[in-house]
Structures are given as structure tokens and as C-alpha cells.
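What follows is a pair of complexes built around subunit A, which joins subunit B in one and subunit C in the other.
Now for the complex of A and B:
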């Protein structure tokens, strides 16, 4: 089924997304992470396109989603508003149920948006990611702090901007190789313009987290949550059930043998896990 | 033995379905109505009666066999009960911190349910035996091993609370030993008490299916933890060996109480008389026999009897006590 890139102008900026699948069906919304764009979801979207309406927003600065100066359009709330505008465009009547699937930073976003649209949300799927509260809980884990070395670099003023301009391909390849991105996708990810833009997300998320003290416990999600982690993820330790305490009432955790980009490395396996999960929880298309 | 891999969710799911489908029922699957045939032994013995030198009459040999059978039944029942009591500390927190698929938790639920069923089955046999002798079950149980929230259990609890693995090493040993015991009983099934044989057969069926679970828990912990955790945990096997030996010495010592019971029933009188034979052995000889050659007891203490256990110890470089290598005597009747 054809999946095409669409755009809208929302709150003064052009926002793009990939759109396809079965018209009139419930919506599977895929949220990409850093330093990807929505095309990272294409193989998985193709699998679900026959049963669901599949959309994958391009986060600010990726694809045709125009970037801007400053960090104000990169905060979790700002990006959530962009995604909600896309959902309103795709489903103006707001009658369709939504299943959110997030990877990496997109997973953090998915948790955030899930709390905003819980009445329409049927399920949440997180791939190689963690909620900000989980991240906060890992602050005393030396192994996680070591794996997150790149986050600390991105928080520094000026230095990351200089690094991206001086050697963007080198830095990108370090990230992709250490994250285990399959070779066939590495070459395609030479668009380094996105790296600089999506780096703003890290800063914006961190500032918002501290400013609004987002580590304070919110009410646990009632929708079923599937968390999938790659055992060999170079950037995140696999989650444990204990970490999800207070975040979700119905959590299913799966840790499989894989790296950071599971949706590309093991598309079929991820598709089967999500499909079985949705069937078990009676989340119909 | 085909082990469960904690990463293989498909195989775990199939194993879970199989276990649930084939699980036996305590009331319906064992013919309790047939009762115990007191003229028959419960377990075959080593042919040379190494623990009881001197001439042994057939009646005495029968009593030894029946008592050994009761000792084993009580050991299985008590360790399985203790496992259930330590479930929260030894398993639930582990699942919260290590489980990688929901099937691992579901298999664990099934495992604990089956262990509880086994302990009730063995308990029921002991009660039936006491009833057949015409004595109170508590009187018979005063001679048999127990794990009654005493020092051993508190030690296991403290270790489990710190994420230790002593209990799981003991479980793995008992699981492997129980399958070994049944295999030793098979050639003698026609001479053994049918109810006892059937009990062990049913026990064996489920143990063989769920035995890999204990080894999987060990794999999950020893394979994945940080290096300092692995180093600390690798010593837990040795700690489990010490605990087993101390527990065995304490519990076998209860047998001496039979002297106070000899007036109650000829069974106890016969056992009491046999203690005299037992005392003819020197203590170092007794210890040596226990560590190396005594059926049913040596495999409990000495890991070298067990293939999978030995393999795990080698894989994870776990040190163990320098026990002598097994030299089991042939079993017969």
C-alpha cells in the first residue's frame, strides 16, 4: 500500500508526516527518535498498512517539517501539539482510536502524548526507549550513565554545534555503527541536516524536564503498554518491570536479542510482537 | 536436558502451553485408594548395605528401604514448601528486576503451583504411611527432615533478599536428583510399593518438564548481571553446599529419636535396633560414604552426580567444595 509524505501548516510552521494504510481504520501513529526521520518506520508501516491507518510524523527539523531557531518548538509539549494537529488532520471527527508506537526519543514523546490523549488511546508500544521518569530513575545506574555519554555532550553549549558542522558524517556514523543500525540503512542516513535539528530536542526535553519537574509521579496509564528492548542496545539498558512502577497498570515487557534500531533490524519480529499484543488486548483495526 | 533460553519467547510460550496441558491432578491422577503395600519396599537400596554392616534380615532391609523412602518424600515435600514460602524474596523481586518476557513469569507461576502440588502429594503419602502404621502423623514426622522457618530458612531468606542464588542452586540440585531417583526406581517398579512408585512417576513427569526453569533463573542472573554481581553470586553455590550439609546433618540426627519410639510400633523398634549396626561405623567412614557412595544422600550433597548442574558450575566458573568424586554403589533389591 502506498505511503506518501503529506504536509500541513500548523501554528505557523510546516509539519510533515508519512501517511498511508486503510482509510477509516484505527490509527497507528509511529514516532521516530534521534537522529532519524519518519522513514525509519516504513518497513513496519508496510506490514500494518493493510489493517490500520498508519501515520508517522516528521519531528520538527526532519524531512519537510520546517525547523526554527530556538528551542521552544522542540519541547515535549510543542512536538505533542504538532502531532495532535496531524491527528486532527487525519481524523477530523476524532472518532478513531489511536495506538502510539515510539522509538528512542519518539518513545519519550509517545509516553507524553499518551497521557494527553488517554481517552482515545488503545495501546502504547515503546521500542528501545524509556519514559522521562524511567530515565530519572536510572540516574544512579553507572552503566546507564556511561551509555548515555552522547546526551551529556549534546547538553553542552556550542561544542555540539561545532562538532556537527565540522564532522557530521563521522559523528553520525559513530552513532549508527555503535547502535547497530543495519548496513543497508546506514548509507541512506547521510542527511546530516537532521542531526543538528533533532539535537535541539535533547536540550529542549532536558530543560523542560528540569523546569517542570517532570520526574514527579503522574497517574499510571490504564491502557496496555508493550515495551520492547534490544538486549544489545548501545544507548539504553534493557528495562525491568520494576522501572514501570507507577507508569502503567498493564505493562508487558519484552527484551529480545537485538540492537538499538530493532524496527529495522528485526522488522518481522517486531511486527509479530505488536500484532500479538494488539490481538491479546483486543485492539482491533 | 533441553534448557529454556530466557530470550526465546516462542519456545517459552510452547513450553508453557505444554506444561499447562499435561499437568496432572492431585486427586484424579494418582490412585490414592489403592493404599500402601507395607510388605513392599519404597526404594531399591545399595546392594552392600554400606551404612549398616553386619547381617541384615529381609525385614530389616524392608524397614531401611521404607524409612529411606519416607526421608526422601519428606525432603522433597519440605524443600518444595520452603520454596513456596520464599517465593516473594527469591522469585517475585527477581521477576521485577530481570524478567524479559511475560512467559518467564507465567512459567514461574506454573512452576510454583506444581511444586506446591508435589509437596502436598508427598505429605499425603507420609500421612497415609503413618495412618497405616496406626501412629500419629506428627510422631512419624518427628523423625523426618523439615525446613520449619528455622535457621536454614532465615539464612535462605536473607540471601534471597539480597538477590542471592543459594535457594535456586538447591532447587536445581533437588530437581536433578529427583529425576535421577526415579530413573533408578524404574527397573524395580514391580517390587516397589505401587503407590510410592506412582507418586514418583508423576513427580518425575512434571519435574522433567519444569526442571529447566531453575537453571534458566540461574542463567538469567549469572549471565546478565554486572561483573561485581556475578562474582558475588558465583560463591553462592558453595554456600548452598554448606547449607545442605549442615541441614542434612541436623535432620538425619533426628533419626536418633526413634529410640524413644520403639515401644510404639515394631517399625520403630526395628529402626532403633538398626541404629546399633549404624554405630558400628566410624564417623569419618560415615562422612566419606555420605559424600561419595550413599544412594539418595550423596547426590543431594555432591554436585558431581549431576550432569547439568556440573555443566552450569563450569560455565559460570562457580567454585565448589572439594568433595570426592562419586563412586555410587550398584542399586538393587
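Now for the complex of A and C:
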């Protein structure tokens, strides 16, 4: 089924997303992470396209989503507004149900947006990711801190920018290889412009820990949540159920043999896990 | 030329731009507000929208009030105006109020909305529209007669109560129906203060004096200048308001911009509303 890139102008900037699937059906919204663009979801989107409307927003600087100076358009709230405007374009009456699927930083966004659209949300799927509160809970886990070495580098001023200028492909290769990105995808993904823009997202997300809004009480999500982790993920330890306390009332955790880019490495398996999960919770297309 | 007596058109353009941006922000967020959103979530997104357009400072930070908080039920202290965990439901009234500073120009606005508008909500909005039509005439007459704003305040208060509503702007600090807006210095400095009003707001008041700048029941003195006018009325369990800039100069009194949400749509004006009980 054809999936094409569409754009709108949202709050002064061109914002893009991949769009396809079954018109009039409920919406599967895929949120990519670092340092990807929405095309990371294409194989999985093709699997679901016959039953759902499938969309995948491009974060600022990815695809045709125009980037900007500064961090303000990379915060969870700013990206959430972009996604809400895309959803409004795709479903103007806001009547369709939504299933959010997030990977990596896209998983953090998925948690955040889930709290804004909970009345239309039917399920949340998180792949190799964690909510910001979970990230905070991991601050006393030495193994996680070691795995997150690259995050601390990205939070430094100037140094990451210099590194990306001096040796962008080398750094990209380190990331993709250690993350287990399948070989057939690595050449296509050496888009260092995305790397630079995605870094801003890391910095913007880091600033959230200093903001009051992260620490406000939020009610646990009532929608069913499926969290999938790869046992060999180079960047994240698999979650435990205890980590989700206060975040969601209905969690299913699946830890499978795999790396960081599970949706590319094991597309069919991830599709089956999600499909079974949706059927078990009677989430229809 | 004294800019207070004959409005400089570039000043009007600056304020109009700030006001339109503020209204764009609240309309966008109000469109997206869904059942379950807290007032905090609404104000966070209003602020984000404005920051996306380069706003770094606010005359006052965004407020959001849902349900009976739109008529300030339970509001006893200044802190009670701030956003809370109150959640929006599809049949409640919501109110968003924000004042971004855009290149020194303040766009102080207030916006009422309801996702499933009831007859009572529509009637109250009609009442607000009636007041909107009346206010320029009253301000112009008071300006020409040099009676000050207290006469305007009292007439509006009377009209609201005659039509069976409560005067909610009486609950605001100093019971203001409106306040002057001026171009602010140091607008690029996003200085936080301990209250939801910025240091720009506090300085502005200290430099010009509190009372001439507040359109309350005791206002005396000149009415010439720009005013953020905010009539706020209360029905049973809800309140509605608008807030926008009124220009008073040698040419008379007029709204800065007729392209505002509450003026775009005609709300039917009811006959006198009967209050229960």
C-alpha cells in the first residue's frame, strides 16, 4: 500500500509525516527516535496498512520537517503540538481512535502525547524506550548509566557539535553498529544532518528534568500498554514492571532476544506482538 | 505628538500583532483540549505555542480555568487563580487567559470556550457581545466628559446584574474591568517574579502608579490610551469573559481589532435571563 510523505505548515514551520493505509480506519501513529527519521517505521507500517490508517511524523530536521535554531521546537510539548496538528489534519473531526507506537526518544514522546489524547487512545506500544520518569528512576543503576554514555556527551555544550563536524560518519557508524542496526539499513541512514538536529531533541528533553511540569502528579494511564525490549539493546537495560509504577495501570512487558532497532531487525515478530496485543485488548481497526 | 492622545499607527500595529498571536495560541490549544486535560496541561501548551513564535516574556503567564473555576468559585487568595489539576470535561466551560509580550507590545487576551455549547453558554456569550458593542460608546462618553472610568465600571456592573448574571471581574484584584497596556521596556528579558505577573508588569505599575492604570470602580483621570478590557460574567456554575484592547484617543474609542474570536460569530442575545432560585 502506498505510503507517502505529506506536509503542513504548523506554527510557522513546515512539518512532515508519512501517511498511508486504510482511509477512515483508526489511526496507528508511529513516533521515531534518535537518530532516525520516520522511514524507520516503513516496514512495520506496510504490515498494518491494510487494516489501519498509518502515520509517522518526522521530527524537526528529518524528512521535509524544517528545522530551526534553538531548542524550543524540540521540547516534548512543542513536538506534541506538531503531532496534534498532524492528527487534526488526518482526522479533522477528531473522532478516530488512536494507537501510539514509540521507539527510543519517540517512546518518551508517545508517553507524553498519550496523556494528552487519552480519551481517544486505545493502546500504547513502547519499543526500546522509557518514559522520562523511568529514565529518572534509572539514575541509580550503574549499568544503565554506562550504557547511556553518549547521552552525557550530547548534553555537553559545543563538543558534540565539533564532533559531528569533524567525524560525523564515524560517530554515526559507532552508534548504528553498537545498536545493532541491520546492515542493509546503515548506508541509507548516514544522514548526518538528522544526527545534528536530533541532538537538539536530547538536549531539550534533558531540560525537562529541570521543569516543574515533569514532576507534577499525573494520573496513571488506563489504556493498555505494551513495552517491548531487546535483551541486547546497547543503550537501554530492559525494563522491569516495577519501573512502571504510577505510569500505567495495565502493562504487558515483553523482553525478546534482539538489539535496539527491533522494528527493523525483527519486523514480522514485532508486528505479531503488536497485533496479538491489540486483539487481546479488543482494539479494532 | 503625545502617543496617548492620538494613537500612533505603528503602536497599534504592534499591539494588534501581539493580540492576534495570543488569540491564535489559545484558539489552537482550545481546539485540541480534550476530556481529562488538566489546567496545567492547557497552560503549558499555550506557553509552548507562544514560545514557538519567539515569545520570551509574559505580562502574565497563561491561566486556564475549567468548570466552576471559570466563575472563580473557591478562589480566595491570589494563588488560587493559578492553574490546578482540575480536569476538563466535554460539557464544561473553559477559559484561557494569557498576556505575551511581543517586541514590547502586550497582547493580553481572554478566551471562553465550550466543547458542547449549552444554551446557557451561548446566551452568556451573547451578553458579552452586547457589552462589546456598548463599551466603546461608554468609554468615549466618559472620556469626553472627563468623568473617568468609574462611571463606565458602574454602568457595566449594572447591565450585567440587570441581565441576571454575576459580575465576576469584581473578584479580580482591584475589581478591574480593564487595565492600561503600554509598550514595555526590557521586553526581551524573561524575568520571572514570585507572582504570575512579570517584573515588567510590576515595574510598569510602579512607574506609572497603580490607580490611573486600572479601570476599576474608583478610576478617575484620563481614559486616553490603550486598555485591555475584560468583562467577566458568571452564570450558574460557569463564567465567560473576553479580553481585548480598546483604543481611546482624539478620534474616539474603538476596538483595536474586530477579527477576534468572540466577534466573528453572532451569539443570540436572550431576553433577560431568569436566575434559578
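We take it that the second predicted complex is superposed on the first by the 281 of 285 C-alpha atoms of A that agree within 3 Å, B and C clash if a C-alpha of one lies under 4 Å from a C-alpha of the other, contacts with A are read in each partner's own complex, and residues count from 1 in each chain.
As a working rule, contacts are C-beta pairs under 8 Å (C-beta built on N, C-alpha and C of every residue); 3 or more make two chains touch, one makes a residue touch a chain.
Nothing here was measured: the structure is a model prediction, and the numbers come from that model.
Engineer: After lining up the shared chain so the two structures overlap, which partner does A:256 touch, if you call subunit B first and subunit C second: first, second, both or neither?
Structural biologist: first
Engineer: Let me test your reading of the model: by the given contact rule, A:120 touches which partner, first (subunit B), second (subunit C), both or neither?
Structural biologist: Touch status of A:120: second partner only.
Engineer: Between subunit B and subunit C, which makes contact with more of the residues in subunit A?
Structural biologist: If we count touched residues of subunit A for both partners, the winner is C.
Engineer: State whether A:275 touches subunit B only (first), subunit C only (second), both chains, or neither.
Structural biologist: A:275: touches no partner chain.
Engineer: Taking the complex as given, what residues does subunit B use to touch subunit A?
Structural biologist: 7, 9, 93, 95-102, 226
Engineer: Which stretch or stretches of subunit A touch subunit B in the complex?
Structural biologist: By the definition above, subunit A touches subunit B via 143, 231, 238, 240-242, 252-257.
Engineer: Across the complex, what residues on subunit A touch subunit C?
Structural biologist: Where subunit A meets subunit C, its residues are 11-12, 72-73, 75, 77-78, 80-81, 84-85, 88, 94, 115-120, 213, 216-217.
Engineer: In the complex, go through subunit C and note every residue touching subunit A.
Structural biologist: Counting only subunit C, the residues touching subunit A are 28, 31-32, 34-37, 40-41, 44-45, 48-49, 51-53, 85.
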